[in-house]
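Okay, so chain A shows up in both of these, paired with chain B first and chain C after.
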Partner chain A sequence: MYWVSVVTEAGIFAILALGLDVIWGWAGDFDLAFYGYLALGSYLTFVLTIGKPTPPVEYILGYHLPVVLAIALAMVAVVGLAAVIGAIALRNLREIYFAVTTLGAVSALYLLVENYTPLFDGYNGVYGLINPGQTALNLTYNGYRIFFLGVVLVLLLAAYLIVQRLSRSPFGRMLRSVREDERAAAAYGRQVFSAKYRAYLFGAALAGLTGGLFAIFISAFNPSAWTPQELLVIYAAILVGGRGNPRGVILGVFVVYIGFIELTRYLPSPASRPDFGPAMRQILIGLMIILMLRFRPEGLFRERPGLDRSPIVNGAPIPASQRPAAPPGLRSDEGATREGGASEGGMGRWAGGRRRAGKTERAGKRE
Partner chain B sequence: MTTFLVTIGIGLSTAAILSLSAVAFTLEYAVSRIANFAHGEFLTIGAYAAYSGQAIFHQNVAAAAVIATAAGAAAGLALNFGLIEQFRGRTAITVFIATLGVAIIVENVLTIIYGAANVTYGFSQGKLHHVGPFLWTTSDIEVIISALAVAGLIYLLLQRTRFGKAVRAISQDRALAQVSGIPARRIIMATWALAGAVAGFAGFVLADTIGTFGPTLGFSFLLLTITATVAGGIGRPYATFGGALIVGLVIQIAGTYTSSAYELVFAFLLLVLLMLFRPNGVFVRPSAVTVRA
Partner chain C sequence: MSVLLEIESLTKSFGGVHAVRNCTFSVPEGQVTGLIGPNGAGKSTVVDLASGFGRPDSGSVRFAGEPIIGKRPDVISRLGLIRTFQTPREWRQLTVMDNVLLARRRFAQESLWRSITRARRIRREEEADRAAVRDILERFQLAGLKNELAVRLSGGQKRLLEFARIAAAEARLIILDEPMGGVNPVLGARIGEAVREFAAEGRTVVVVEHNLPFIEKTCHQVVVMDLGEVIATGPFSGLRDNPRVVDAYLGMDQSHE
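For the complex of A and B:
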């Protein structure tokens, strides 16, 4: 049963990582508010299913909805919140400015939730969603847990297939061209803000779904469950697996959550130093992020260019140095190209959409 | 009215600490063109160094301040040498994420050494003084005076010394400064040491003012620091003091008239509003950032 719960958790976070990878890996926006979307999804799933609060516990809503409907509503609300934050942060702000703004927004929400008890009972949080539908399905406790693992894996597969398909679609390639060079992408006729905004909302929807699943998984949620450190683990997993590559991202989550966190469980944690184990784990996560960024920024699995395999001669891509130079204005700057595999081809790789005129253009309208 | 003036007084003392931290943050940005997310850790390191030092130096405030400053300077040097220079040529956001990793590492190393529980200094806050309309403790006054002194020193250093001239040149164009014969690497090293020193001192002052602190001291102060820096204009050391003043007063006034639990909520909303309405005017674009003469 222990392993069922470990794999379930990794599966849930893999869905979350797929969503975050659309925002960060494809669109290139380093979003620090992302874990807040999971939190809101989780909170709302609770308050929509566990019924009226009994004083002194207090929280909003308090309905008895079926859990599937609750998660769907939670996703809608999460997308709504992301629509507000995204509209503020994505309009003019990029990179560090974007990251800091999203961090500011989520920190304000965090403090609000923690201190304003009528919302989600402040620091105590909400709890009480235990195996929804267990009696209806006529399952034992353990049977339900295995069933839930199956649900998570099916949803993960569905999310993977959607993301994988999106990744190769004109939308996915447009996002990447925007990431590589916004001005060039805009010159090719892309709507930069709208592309990034849609990616942001899509990622947030997956985070909302994850929040709902997480609510069922841990059956309690309070502010200590969504500290900023949690998000870093997801970023570390994406970095390890391969930013921009859905398969790599899922693998990265399983490597980081199962291989890494489970192995570090066996670190010595002497009674006199109860913080040693968790602290050591955080240190290793931090080290992993730095070392990956420094020595293998593309991760274990490189981002694949999808359908757009433009300059290929004799089955091998032409090295960047031998390709015809893009006009100066269209070149990504030195920094971006040094990002490694993901950016190696610069504009040449992703901006190919319009060049392969007809088909892509029609496909583009379908979105 | 009295409440309001007392609030302003506390706001000024908050602003003084904030300005120390923010000016260090902006100096780091000016020479290396990166937002250092591990900046808060300089403060934490300074605070803990002073904590370790107070036992040795028998509650001597000045000695503790010196130790905090030295520890901060060492941390600044180490971060620049070990990380920032290693990531030279990479995008700003990559370095930003790497410094985030450093922040996590430092915070947890400190947790292992000192434990996650809060610790407390044994320094007294001194008596209450009526200064004009304000009500300050002795340590509040010391904080405000030391912030003004640091501001003056940084001004003189940047405007009146060869070092300051070199810093200003590098902040405009590192490559050009280099070919003009400025030893950019060394100057940047020295700037990080200076920024770390100021931040370490700020950490000690902050911890002493709050009274009790833990390994997350600096990290939770970081966003406030960034807000102050943004309010002033990132990369502009003198404007930063104005930014710190705005943020210090806003959070104190808003906190007093609602609840002190919401102080930071207002600070972060202010940050978002600044980004929304003054993203260019206040947040100077990287290509246009200069250290104003």
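For the complex of A and C:
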């Protein structure tokens, strides 16, 4: 059952990472408010399903809605919150200014939740959503956990299919052009703010869904359940898997969660230093981020550009002698990656091989 | 002959520097207008102000009769005015094909919702654009590089990519900011040819450039700027006799050009 729980958690966070990758990977916005969207989704799922509070516990709403409806409403509310934060932060702020603004916004909201107990009972948080639907489905406790894992995996697959479709669509292409060069995107008619905003709301909706699933998964939620540190683990997972590549992002979450968070539980902690293991885990994650950035910044699976499958007519590759390139001094080597094989000379072969995507060795490596 | 772009009394200061002062000129439709002048004359600022990348302190810009001051760059672009920048601004981590496909500007296909629900239909609609883009890439010797990331192109190829995007955009007015900056003579000739091709297709072109033989060969009229002001307007042949132009820009000896 332990591994059912680990895989369920990784599956839930994979959905979250897919959403975050749309915002950070495609639109290029390093959003630090994102963990707040998960938190709000979780809180609302609780207060919409667990009924009236019994004093001294306090929280708002307190309905007995079916959990699916509750999660749907939570997603709507999360998108609403993202609409407000995004409208302020995405308008003119970019990069570190955007990140700090979103962090500030969500920190303020966290302070509110922690200190204003009538909202979600402050530091105590809310709890009591235990295996919703277990009796109706006539399942044992363990049976339910396996069933829930199935639900999470189905939702992950659905989220993956939608995100993957979006990734290859004109919307995904347009969003990446905004990330690569905003001014050029605007010069070709793109509404930069609107593009980023739509991506932001889409990502937030997935965070709301994740919050609902997380509520069912852990049955309790309080302000320390989900903090910026957890969000940075998700960022690390995206980085490891491959920013901008949905398949890579999912792989990254499983690698980071199972490889680092779970396996490091077996690290021995001396009795006198019980916090050695958890501390070591943080260090290892930091080390992994540094090593990835140094040796494979594009991640395990690099962002996969949409390739044009029709054969190249004029018998590329173009011989260097005829290439209309500037003299060597003007050649731009910036951004040259270590994947040297795909430099200009090899392009024809690459493009040719790609017609049967996934069949060639090169294609396999890139996906 | 109608006027497509009308710039009137445009003024812009950055701090104490008057980048553009009371600048007035107009661009006739279907012609190539050269905008020349020494560095710091305010040429690029005028381009920025006309394309929405900056707001003038005063003055007006009309595009096809419509005032466009205060409009965002994307709005102006959608009206049919496409501009380039001094350095090529390719979308680096996108392929050459995607760069040019984006310049086709099929905004209706870029809806988030339709991208999810109508993916197959959009892909079908896109085929015609892909075919057109392949032809354009052929024209600019980029066909063999279509699946290459733009960041891996050489400086010269990036210039060609910029032109391929312009060709794909089918704009009414094209403003080119130093298209020959830093390119070799062979490529320069190809770029000059491309500008004349645009003109032959009936597009209106404004080109900021220091390459005077190209200006002489290509432009129907030339606007000369110095210290933020327009100091002369007219066909290139008339400028050599204009003492202000010679003093400010052409200099005494232009035989080396």
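We adopt the following convention: the second predicted complex is superposed on the first by the 306 of 367 C-alpha atoms of A that agree within 3 Å, B and C clash if a C-alpha of one lies under 4 Å from a C-alpha of the other, contacts with A are read in each partner's own complex, and residues count from 1 in each chain.
Quick note on the criterion: contacts are C-beta pairs under 8 Å (C-beta built on N, C-alpha and C of every residue); 3 or more make two chains touch, one makes a residue touch a chain.
The shown structure was predicted, so the numbers you read here are calculated from the model rather than taken from an experiment.
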Chain B or chain C, by number of chain A residues touched: C
Contacts of A:V6 with chain B and chain C, given as first, second, both or neither: neither
Which superposed partner A:G286 touches (first chain B, second chain C, both, neither): first
First, second, both or neither for A:A89, with chain B first and chain C second: first
First, second, both or neither for A:R173, with chain B first and chain C second: second
First, second, both or neither for A:Q229, with chain B first and chain C second: first
Touched partner set for A:A72, first chain B, second chain C, both or neither: neither
Partner chain(s) touched by A:I258 [first = chain B, second = chain C, both, neither]: neither
Touching partner for A:F276 - first (chain B), second (chain C), both, neither: first
Shared chain A contacts, counted only where both chain B and chain C touch the same residue: 334-336
Chain C contact footprint on chain A (complex, rising order): 162, 165-166, 168-174, 176-177, 180-181, 183-192, 198-199, 202, 303, 305-308, 310, 312-318, 323-327, 330-332, 334-336, 342-344, 347-348, 350-351, 354
Residue numbers on chain A that touch chain B, as the complex places them: 30, 88-89, 92-93, 95-97, 99-101, 103-105, 107-108, 111-112, 115, 229, 232, 235, 273, 275-276, 279-280, 282-283, 285-290, 293-294, 297, 334-336, 338-339
Chain B - residues contacting chain A, complex: 34-35, 83, 86-87, 89-94, 96-98, 100-105, 107-109, 111-112, 115-116, 223, 226-227, 230, 259, 261-262, 264-265, 268-269, 271-272, 275-276, 279-280, 283
Residues on chain C engaged by chain A in the complex (per definition of touch): 51-53, 72-74, 77-78, 82-85, 89-95, 97-99, 101-103, 105-107, 109-112, 115-116, 119, 122, 126, 130, 134, 138, 141, 143-149, 151-158, 160, 165, 169, 182-184, 186-187, 190
